[in-house]
Amino acid sequence: MARKILVTGFEPFGGETMNPAWEAVRALPDAIDGAQVAKVEIPVVFGRAPEAVEAAIERESPDLVLCVGQAGGRAKLTPEFVGINCADGRIPDNDGYQPAGEKIEPDGPDAYFATLPVKAMAQAMSEAGVPADVSYTAGTYVCNDVMYALLHALATRHPGVRGGFLHVPYATEQATHLPAVTPSMSVPTMTEGLRVALSAALAHEEDVAVSTGITH
Amino acid sequence: MARKILVTGFEPFGGETMNPAWEAVRALPDAIDGAQVAKVEIPVVFGRAPEAVEAAIERESPDLVLCVGQAGGRAKLTPEFVGINCADGRIPDNDGYQPAGEKIEPDGPDAYFATLPVKAMAQAMSEAGVPADVSYTAGTYVCNDVMYALLHALATRHPGVRGGFLHVPYATEQATHLPAVTPSMSVPTMTEGLRVALSAALAHEEDVAVSTGITH
Amino acid sequence: MARKILVTGFEPFGGETMNPAWEAVRALPDAIDGAQVAKVEIPVVFGRAPEAVEAAIERESPDLVLCVGQAGGRAKLTPEFVGINCADGRIPDNDGYQPAGEKIEPDGPDAYFATLPVKAMAQAMSEAGVPADVSYTAGTYVCNDVMYALLHALATRHPGVRGGFLHVPYATEQATHLPAVTPSMSVPTMTEGLRVALSAALAHEEDVAVSTGITH
Amino acid sequence: MARKILVTGFEPFGGETMNPAWEAVRALPDAIDGAQVAKVEIPVVFGRAPEAVEAAIERESPDLVLCVGQAGGRAKLTPEFVGINCADGRIPDNDGYQPAGEKIEPDGPDAYFATLPVKAMAQAMSEAGVPADVSYTAGTYVCNDVMYALLHALATRHPGVRGGFLHVPYATEQATHLPAVTPSMSVPTMTEGLRVALSAALAHEEDVAVSTGITH
């Protein structure tokens, strides 16, 4: 039976009028390497965002889930290695909620590693000409909330489904009103990177053994 | 009579296999707002680069000259405000020459300001969704060599011709093998920015009076 | 009975002739707020570094352990929130070993949170005029190896002992031969920051509930 | 007869309560290599700042003038190579004035190069363990206003007096409330750098012929 991929992207937040994560996701093809692609936009709200992801998992029964969010200031596409059991907002979410270091799952472990092959994904994007690197922090905002809750849900309630998170930079258009040094990426480049990354995730059950570590 | 624009872009240097400046220039349309566009690739060599620019000026008799170069590490398209009478290379040029603080023109003034409307150009690019900012240093390498020598040539030998320089970031493809924080821009975005900037340069004989200064 | 603090700092690595972590640690006073301070220099070697830390714990029987390492490129003192079960070296360690994504503890959890009050420590340093921020990634090199292994050792073999890790920037002297944009900090400023941070760690059994999160 | 040095530093601006430029200058010794050191605090106001410098020149009759300002965001001490004939403020000065690209001297040349040996000064600071680099833009704010007007005054009204400008980073204390990536430097390190730089300026009538250029 054909495999199915669920890809989510966030609505705008932080005063922006667009979110490149959702723009990049919505432009993905409806099938990648024979796998069907379901796309869902989710809110930038602690708790409600992971609920929307799990509702989509129950509706779509995917084999693989990739949630995508914006990391303004980064220069590359960055598959995330780890999600942590901590919700801490330097700015309020889109419902006005601003946690100060709460547990996402009171009885959950401190962290979960992504179950997608993040190194193979970064490598495949780079080889396709799309700047990419593995990241070792997804922050503590709604992106990490979604990543940790997704991996907790998959580990405890959806055995066999693999999942992870990927951050995208600001879109080119957003950088026009930001400081001169702010990196950005065109949305078509992001979409091509996501397509290649998902293809690599389908192809690799296990990650490749190359070093992508960071000294600190 | 129809106006004519001369646009130059550099060959690759510093170990790279492409130079986004030339890639962006070569993809420009052959006419912008009714003005004919002549495109010339020039070498990354002190002295020989400005000679190639001046030979093209004599051949093409343009009304307006824009030289384009790569500024790896910048995040935006940056029309340059000033070229200085100083050649100083942290790396050798493509002929192996590495000056340590020589005058470009022994009897020339310390600097020339661009005679293109750099603020109007940056503003027009930003409004078109292309990240842009006025820059107040073109460095001391072959880019500045071309800018200073061009403005000296226009001031002393080609009255009435306006000229300037514009730096572009790394192309998206180049950033794949560079550190995670390295900004880049897609070549089609650069070409669109150049087209809009040249249109603004044609439209504004005088620059607009908005602040684009930098605190330091 | 008087409390005891164990503080460790690394030897030089990566071609440098000094390590500001050890320089800052060795200059600490022998007592802080009545607690005795034991200082130990440890090697930049996967596996051997955490062994040296645990040997010192067994020898000194501290109430509180803070390991300190260099994070070249950072601008502030950064108490680390989390250590992850992953050893991955972009460069070899001082014994020439370069893991490519191995588990530090084959049966350990994916991560441990520091058991020191990292927010209170960052806040106290800032109030004392020393730039500080909580960090949410300790990387994947020997610093993280020490942090994860320390927290695993404390959780499984040394109940009641609290521990954590703190990264320091390059020392002022090191930055002279590094690129113009490289941040650094004077070693006396680091030592003063460490002293204030350890004082805060002694004073706070529980961390303060302020937001120090990062958006991504 | 003993030589005399005039060193100026700015008052606070931009919402800060201290200016590290003046703090570093005021802590200089009263004599360097036998030359007397006169120190003057000047306002962050276009026009009035260079007037204060010239009044001090007339009062003190120095052989050498170094004006010092803050360049928040830089990581090193940066002697400036060139001042340009342009006043352009991204923020208003301390009198509320915000020029949008005016000439500083209506009939002055586009730029003046510093007449201090900036390369020798940067080299001497680095050798003394103080991070330093030559800078090729002093911006367009009051710092550049002072630098350009100083060099114009020396060239036209004070023959034989050498002059220049040097930018300092944020002080360590200022960075506590700035973003995590903001570089800073301790004021004692700045003062030591200034002392060494002034010593080098006294020793070198001509600059050294080493490359300190920037690619862009």
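So that you can tell them apart, the chains are marked A, B, C and D in the order they are listed, and the count of residues begins at 1 in each.
Assume contacts are C-beta pairs under 8 Å (C-beta built on N, C-alpha and C of every residue); 3 or more make two chains touch, one makes a residue touch a chain.
Since the model is a prediction, treat every value here as computed from it, not as a measurement.
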{"item": "Chain A to chain D, fewest steps along touching chains", "value": "2"}
{"item": "Taking each chain's C-alpha mean as its centre, the one farthest from chain D", "value": "A"}
{"item": "Chain C on chain D, rotation in degrees - Cα superposition, rounded to nearest 5", "value": "180"}
{"item": "Pair joined by more contacting C-beta pairs (B-D or A-B)", "value": "B-D"}
{"item": "Length of the line joining the C-alpha centres of chain A and chain B, rounded to whole Å", "value": "38"}
{"item": "Whole-Å gap between the CA centroids of chain B and chain D", "value": "29"}
{"item": "Residues of chain A touching at least two other chains", "value": "74"}
{"item": "Listing of all chain pairs that touch each other, if any do", "value": "A-B, A-C, B-D, C-D"}
{"item": "Residue numbers on chain D that touch chain C, as the complex places them", "value": "74-76, 78, 125-127, 129-133, 172-173, 175-178, 180-186, 188-189"}
{"item": "Residues of chain D that touch chain B when the two form their complex", "value": "14, 69-74, 81-82, 84-91, 98-101, 109-113, 119, 136-141, 143-144, 167, 207, 209-216"}
